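Quick heads-up: structures coming right below.
Look for chain A in each of the two complexes below; its partner is chain B in the first and chain C in the second.
Let's look at the complex of A and B:
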């Protein structure tokens, strides 16, 4: 049992990301394995949007970076806007800056890439070839060009967590490891009918990631797309299903950001969220909860992969030192420590240890089942939106607010929001991605 | 005897009712402010996992400093508190040094364009810092003020100055000019008259301006985040992190951010009451 779950875990770490990109590239460059920059011996800052919760920051500083033997590295977390601001200012001020390396989500790199503020890391990729970094993710890090602008660092996904108390109310015939959205709705209804409690939860509060659940889960699973099918008849069906589920959802959902909190307090029994926002409850009460793959819709069991990459700005004070830090962070031991402490999955071919924490094992098994499901299909975070990424999320969130929370007519809202989405896609000149397939011109709502 | 008591009682009743009403509303207002503090305190001083108990107990039955200790021991918190205090004090010094004379001038002298000056000072509040963020950071990087306590204090002073100028102008306008003139007839120069007569009388108002400045600086996040990297002030260090941190951390951080401001205002309260004609 243990060996099979470990094998599944290893499969998961690789398989989270199978078909996210249309093209599969190889890492460019020759076999030169020498450092591209010298270690100037200067300390530098490592700025990241990840690990912002204080315990995760501390784990990064004290455990993940524990065996780092190089120059002083100060790990600082910040919002995307602040990091972009800092990198831009350092580039414009000239000379060398203070930020040696940045760690961002794939989508957060867009405007820094557009500003041409990042180094080409192809040679760092080459010298780490033996670690077998996921090739699809490396391709993502090239942003359609030949330069390796970021190197994948770690990955995460979203899945479903349920309190074991809820299992008795599963609709008959439903397999909790292969749910459909219809069964999920029936489950929430059943809990409400039998207990009088609304125990399904959504992360709709400030900082909640509801837009990702819509972009990577509900929309593609029901319509087979996101942008192109935004106001299709299938989309209307989907919104009506969500409204149905909302009736049995905890009304406090509009305040939830990290679903692990209401799950741990018992306000909510069943919820979907980002792995890093569920892990604490799994670690705290591994015997009371189960983690399972996301449900499937008529078009399949879609799920979203989140890739975090490492980039070195051209203004780095210590090119060689930052490159060595990338080597260090990609070492199998470091990658596994990262998974153990902060529950982000490796991007390399790493051998998982057998003595994983119970909660982590729950998470790893759920992710493995999700990625190996027969009807499983993976989509990336929105690609190519640049500065329109935020407004795009807002447009999706507003659609949810208007249709589900305020109860407006789905067709009317979809027509109005479609115009907003088309406008911002035109501004960004974004081609279709992920669930919508590829396009030669700007992606538009049909 | 009874007739007198009977005649008095309706008036007594009316007075008692008045008091009940006044004290009742005062208590209600105090609770309005204090209950949230109490709840934050309760959660900040309970064990991390107790925060998730549902329904939550309202009495402090099981206090623990574990959560607060974890928060205070996390990297950078202590240094950032020192930075925050240093920035706030510098901001108060800079903005009073420049704001008080400007306020005095606006209150004492009538000159052409006085109203325009007042308006321009106020209008500077209309510029959002967000638009200036990149140019400001670039300028600070070039000037060597980036990631520096003095740099943030300068920006905070720029933000606080309009308030300080307007508040101190009001304060000095309230100090009678005749008193200063009388002092001058008794041998004071303009400066000593200001220092010995006008300034002591204006002290409560200046204290109020200092409180405003302190609060503006203590709460400011945006400029502090974009102009620093390692020398963070407390809000810049923890605010974003707290939004994403587990619940118990939010309470510990919230408690820690509220406390210094409350302590500061507690000590400055005396001057504020003087300003409002309290006893």
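Let's look at the complex of A and C:
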């Protein structure tokens, strides 16, 4: 048993991210790597959008950074907008700033990359070659150019968590480890018919990640694409399915941000969300919950991989120190501590320990099953949108809000939102990515 | 020479705070204003304001904001007045009341929103208590997107709890400024408590009421953390839209347009308060 879950974990860490990201751009050779900097001995701030819960921040300071021998590092979490502001402000002020290093999601880097505020870290990649950093993720960190603008730090994905109370209502013939969206809808309906309660939940609240579930799960699984198929007949079918499921969903879904909370309180029995937003319920009640792969649609079992990268701003007060910190965070021990304490998966070839927490094992198994599923297909976060990343998410969100919450006609809404999406793709001049395949010109809704 | 120093002195003393205000408030305010009407290329444009006007949430946002103000501000003024009169009657233990009333002042608005979310959510305190007392069989969902009235009621309750104290503090201060002579005169003429409140206290409290109304209305325009916590995306308000356009969409121009709208509405309301409640010239001269 122990051996098999270890193997599952090893599979998970490699397979969350398969090769779908190879479409993201040329990994052009002939990079002119900037020389690695000297450790100036100056302390610096490490700003990140990750680890916003206080216990995770404490784990970062007390455990993950425990064996760090370099200069003083002040770990600060903040919202994306604040960090981008800080970096931009320091870059505009000139000289060196206070922020030595940043840790953001792949998509959150885009406006900083567009502003040309980041150092090329190719040399740091080279000297960490022996750690076998996932090559596709490294490619993502180049943003289609030749410079290594971030180095992968850790990874996550989204999956489904269910209360064991809900299992008795599974539709007959459904395998909970290989659900389809139709079965998911039948499941939620069955719960409602038998108990009178709406127990499926969506993260549609203010900080919820519903747009990611649409971009990486529902849309590609139903239409085989996201942008190109945005208003296709398959998309209309998908929206009608979502509306059907919405009838059996807790109407408080519009206040939910992290699904672990309503799952733990029992307001919701079945929900999909980002792993870091589900782990607490798995850790707190590992015997009451199961974690399983995302459902499959007509086009396959699509799932999304989230890469968190480390970048060094050009205004860093201590380039050498920040580079050493990257070396440290990529060490196998540090990567495994990061998984143990904050449940983000390693990005390197790391040997997993056998004595993992029960909740972590549930998560690791689900992720392993998801990535090794026969019909499993991985998509990255939207690529190449630059400053249009936020508006793109909002456009997807508003589509959900209008069709599902407000009940407007799907075709009308899709036509109107398609115009908005095409405009912002034109502004960003973004090529197609992930589920839409590759394109030579700007990606557009067909 | 002496006289000149005396003339300059007040301005000299004001200068540091003026510089402070200019640097930290006036200049950023002008910059924000310009963001709403000036393109990156430097030319003036109404494009951002037009985009705001056709934004999906625009109509809901201003309607909801005004609705909340119409519901919250009068309720709070009445509540705060009652509380202030109670505290000011100096009954035994009135200071204790003052402290209890002031507790919400120390709590951030987001924390207050989350606190009330814990009360109103399906498995929250309200349902647990109601079920424990046998009032309801099954937990009720109050914060449903289908139940706009419930959302509004929850927000009004949470906001009233959170921000009535600031109004009360202003009114208590106003009450304490009323000279005792007036009350003695009213007593001499045989006025009872109600008449004394209606004909002596309220008219003399008008300046304080005016500032309380202005301050409270400005804050009510800025309400958004409580709304976000309790209603999520279901209840767009102007301040939340400004935040969302800046933080999520990284569009400072549209965020500034919403801020400009807030500024405009605030100015209109303040002007109305000043006209309606302001001291008329005859009263000042008297």
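Of note:
The rule we apply is simple: the second predicted complex is superposed on the first by the 433 of 446 C-alpha atoms of A that agree within 3 Å, B and C clash if a C-alpha of one lies under 4 Å from a C-alpha of the other, contacts with A are read in each partner's own complex, and residues count from 1 in each chain.
The definition used in the following text is that a contact is a pair of C-beta atoms (placed from the backbone, for glycine too) under 8 Å apart; a residue touches a chain by one contact, two chains touch by 3 or more.
Note that this is a predicted model, so its numbers are computed, not measured.
Taken together in the superposed arrangement on chain A, chain B and chain C clash.
Using the contact criterion defined above for the overlaid structures, shared-chain residue A:387 touches chain C, although it does not reach chain B. Of the two partner chains, neither chain B nor chain C is touched by A:114. Of the two partner chains placed by superposition, A:354 touches none, neither chain B nor chain C. In the superposition on chain A, A:76 makes contact with chain B only, while chain C stays out of contact range.
In the superposed pair of complexes, A:167 makes contact with neither chain B nor chain C.
Contacts of A:47 after superposition: chain B is touched, whereas chain C is not reached. In the overlay built on the shared chain, the residue A:205 is in contact with chain C alone; chain B does not reach it.
By the document's definition of touching, of the two partners only chain C reaches A:254; chain B does not. Annotation: chain A residues 79, 206, 265-267 touch chain B in one complex and chain C in the other.
By the touch criterion stated above, chain A contacts chain C in their complex at residues 79-81, 84, 111, 196, 204-206, 208, 250-256, 265-267, 387, 389-391, 393-394, 397-398, 401-402, 405. Residue ranges of chain C in contact with chain A, taken from their complex: 56, 117, 121-123, 138, 141, 143-147, 228-234, 244, 246-251.
Remark: chain A residues 45, 47, 52-55, 57-58, 61, 74, 76-79, 82, 85-86, 88-90, 92-93, 97-99, 206-207, 257-258, 261, 264-267, 280, 284 touch chain B in the complex.
The residues of chain B lying in touch with chain A in their complex are 49, 52-54, 70-71, 74-75, 133-134, 137-138, 141-142, 147, 225-226, 229-230, 238, 240-247, 249, 253.
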